[in-house]
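Same chain, two partners: chain A is paired with chain B first, then with chain C.
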Partner chain A sequence: MILARFNAEAGLARALERFRAERIGPLQTYTPAPLQGEPATSPIPLIILIAGLTGATASFALQAWSYTVAYSFPIGGRPQFAWASFVPTLFENGVLVAIAAGFLSFLVINRLPRLYDPVDESAMLRRASRDGWFLQVATEEPELLDRALVLLRDLDPVHVEELAG
Partner chain B sequence: MSDVPLGAIPVVDPRETIGSMTDRVSGVPLRTTGWRWWWMALVPSASLFALGLLAVGWSFYRGIRVWGNDWLVMWGFPILAYVWWIAIASGGTFVSAFFFLVRVEWRTSINRIAETMTLFAAVCAGIYPILHLGRPWLAYWLFPYPNTMTLWPQWKSPLLWDFMALFTYVVASVLFWYLGVMPDLATMRDRATRRTGQVLYGFFAMGFRGTGPQWRHLKATYGALAAIMAPLVVSVHSVVGLDFAGAATPGWHSTEYPPFFVFGALWSGLSTVMLLLLTLRRPLGLAPLITERHIQVLAKLMLTSSLCMSYAYILDAFEPFYSGDATERIQFLNRVFGGYAFVYWGMIVCNCLFPLVLCVRRVRASHLMLGIVAVGSIVGMWLERFNIVVISLQRTHLPSAWGRYVPAVFDWMIFVGTIGLFLTGFLLAVRLVPMVSMYEMRELLAEKGQA
Partner chain C sequence: MMRVAACVLGLAIATYGWRLKSGGFFSGWLAALTLFSAWPLGSMALLLIHSLTGGRWGEVLRPALRVGVCSLPLLLPAVLPLAAGLSPLYAWARPDAAGHLANAFYLNVPFFAARGAVYLAVWFVLGWVVLFGRRIARFAPAGLFLLAVTTTFAAIDATMSLDPHFTSSIYGMIAAAGMALLALSMAVLLTAGRATPDERADLGKLLLALVILWIYLDFMQLLIIWQSDLSTDVPWYLDRSRGVWGGLRIAIVIGHFVLPFFLLLSPRMQRSRAVIVSVAALLVAMEILRSWWTVLPALGRSVDWIDLACMVGLGGLAIGLGSWMARRPVFARQASHV
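Right after this comes the complex of A and B.
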């Protein structure tokens, strides 16, 4: 693989565009902050919504069933199916399931925890969490690697490194 | 600065870049010198915590009869301290979630401190109801689960709603905090020079490396969670209000309670954030990131929430007379002129009258005065909880049940113990975790062209 470091976000963005146009890849970026201008789609908000609604429905069902069937507790002739008083609990339960689902799906979709990755062998990648903007060309094909190196010459990276893996 | 309009004060020092900001923030937990003040704060805090543990141990051994709670004032210290803590916690979520959604730029460098405050205040709040159960080892009975007694919780009780709300709130606050802290732990892992630091930060960063997909999903998840946290925090404190409003006790039984409690949460929470910012920004070297702008915005928000409190207190005084209920009237007059009248008037001074000095620009410019108002707010809110929980229960519908509540020494010990727990936890977080959200600051700096 090849790892190239750029000084600024604009440099990385230009390199990304060129590499995509030349169809060299697979590409990966390592950046200190979210890269502007990249598509921001993620399935997680939808997962959160579905999980929240499921949790709230399940909570309502449990309350309704246990209060009317499993443990009927008549007080002063008031209705057993007192749906209005189930609302606070169903909201809180729905929120709990939604937030837990959001956090867990973030981990699952990103395949975290992932404590080791071949890219960690590069010492300079540590700058990615400070102010370094990195492009990784994750291929082992010699022909693609050569083309990538040629392309990088025009793109003015601060540093280029070739790594195994 | 008093002539400069608020928007003109920079939200971050113009000389900071993403690199220098990262060094500044991540350098704090990594530095090995300059921690004397920290030890000087930790030792008394941990001692208070130990004192609280001692009192909790004794309460377990002897039972909760060692407290001042009696058959007429059953709620006493544990519940008033619970409500006080959960209000402080809520303020942090308001800053971090609500102001994230409205995209104000001054939220970015203070949200970590606010969220960390929320975390430990929520923990302090959470242990009180469990201690108050008297037999805390049976706390799991609150969960709905199939059991041999075929019993189910009383779903119609606000106390159960409160358990559900608090449980959700603690879990949600931890996950929301951790999601935001993960990229910063990755920075710490990459910048740590010692092996222990690299391994521990690396473990908790879970392999976050700042790849394209990681950022994309992080932003989406964080935004969605913030959108849920904002209504959650309002619901949590409203449900705490319903704990009281749902009872037939005079002084509690009022539809005003849920919003009244949310106002109180804003007031005490913002004041605590203010106090933490004023105390921490110099020793942690964060003054270029937490500027006068943040402090002035918080000062104005404090004034606003104090005015909301005044509105709630006026309604609170109006209702007993408007309702025409003799017990409500007796209860209110006892509150204002009875044996604990100093609590009521102390609350009015700390929460309504004294904060009015914030109307004066020169006062807002003085950090000392802001600190005094903030401490006054925290004390005033404690007095308010005492006023609501204790004084109301002293004058219920049955005159034969009238009496006077006096807290026992163990009540005080457990209370200062939770303060010790809060401070110990917060200090440990300051020592180990970056106290400004670095990745959000990098985005902010990039927007300002300071990359």
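Right after this comes the complex of A and C.
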């Protein structure tokens, strides 16, 4: 794989554009701040929404069923289908399921926990948390790697590293 | 010109309604007054909050929020009809009914008038500080505290006391959340044409947060009263679920929470001008419906043309006065370096 460091966000953005146009990849970025203008393609918000609504509905259904059918028990002359008092539990279960689904889907989608990645071998990657804007070309095909190196010459990175793995 | 025509027409119809049947006029006027006192007070609260927190949303909304604060002087003439309408509106102001009340030491005409004068004085001082103050942030904590206390008590006095037996300690907070939501929606309506997509996303998130806060507070009142099931509090909800009010209650839940909540969830929708503007307009309409829903059932009334005339008349006056005053040189100059 190849790891290239840029001094500024603009350099990385330009490199991303060129690499995508040339169809060299897969690409991965490591940056100190979120890249501006990158479309958010994560499915996690949708997963959280669906899980939250499912959790809330299931919680409401469980309460309605247990109060009206399974354990019908008159309390203070109130109606058995006491929807207002179901709402706090509905809300809490909705949040619980949504957060759990968000956390777990984040792990699954990012294939975490992963204790080792070849990119960790690069010492300069630490600057990704300070001022370095990194582009990783995560391929082992020699032909693609050669094209990537040629392309990087035009793009003016501060530093380019080739790593095994 | 349209504004002037609308408010003259509204006031003319409202005055005619007063001649025709004064009971209806007073309650319609009170509903309109709660709404158009909420606009300057909510705008003031948002400006004070922004002076402490900063943020792009306040920079964008400041001119529109100042228009809201500039409509404050309208309250002085607008409370006068209430002075004539105290006994038709409030049971505690009628000598025959007041004798049986345990809380008559608080709910009586002289004390009510004195409290009203204190609220108005505090609001005018705060309005002056917000419009002309050099460094509002120094006054903002004390100002927000004063505003919270006075609006809570004003909401209790003006609308909660329509039913002198009804008590709900969350009532003032619901009113305050409604005020902030109304002021934010009005400001968004006045601003959205100029805002960039990123700014609209900020405004959308704020609207969403306030919608959630409002439904939380309003639902908590319902839940607590439903669970405690006391004969003093439950009639408040029973009055407001009969006839047209029962349908209106469901319309408010949908229009004030369900629709705005799901429309504002997605970041793409928050950035859309059409979505932000229509949600803000919907929320203003829902605040109007809610003010009728709060006030009119207490007098056993349904909503009719007098209420609409009061709302249009007072609303036209408030928007006209606010935008006219905000353009005066003395106000416009201050706006640049606050």
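As a working rule, the second predicted complex is superposed on the first by the 163 of 165 C-alpha atoms of A that agree within 3 Å, B and C clash if a C-alpha of one lies under 4 Å from a C-alpha of the other, contacts with A are read in each partner's own complex, and residues count from 1 in each chain.
Throughout what follows, a contact is a pair of C-beta atoms (placed from the backbone, for glycine too) under 8 Å apart; a residue touches a chain by one contact, two chains touch by 3 or more.
This one's a predicted model, so the numbers in the text were calculated from it and none came from an experiment.
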Superposition on chain A - do chain B and chain C clash or fit
clash
Quick one: classify A:G76 as touching chain B (first), chain C (second), both or neither.
second
Touch check for A:T54: first (chain B), second (chain C), both, or neither?
neither
Now for A:T68: first (chain B), second (chain C), both, or neither, which partner does it touch?
neither
Counting only touches as set out at the top, which of chain B and chain C does A:A98 meet: first, second, both, neither?
first
Decide which partner touches more residues of chain A, taking chain B and chain C as the two options.
B
Overlap of the chain B and chain C footprints on chain A, listed as residue numbers
40, 45, 82, 85, 88
Any idea which chain A residues touch chain C in the complex?
40, 45, 49, 76, 78, 82, 84-85, 87-88
For chain C, which residues are in contact with chain A within the complex?
219, 222-223, 226-227, 229, 265-267
Report the residues of chain A in contact with chain B in the complex, numbered from low to high.
8-9, 28-36, 38-42, 44-45, 48, 52, 62-63, 66-67, 70-71, 73, 82, 85-86, 88-89, 91-93, 95-96, 98-100, 102-103, 105-107, 109-110, 112-117, 119, 125-131
Chain A-facing residues of chain B, complex
17-19, 22-23, 144, 150-152, 154-156, 158, 160-161, 164-165, 167-168, 171-172, 175-176, 178-179, 183, 186-187, 189-191, 202-203, 206-221, 223-225, 228-229, 232, 235-236, 239, 242, 439, 442-443, 446, 451
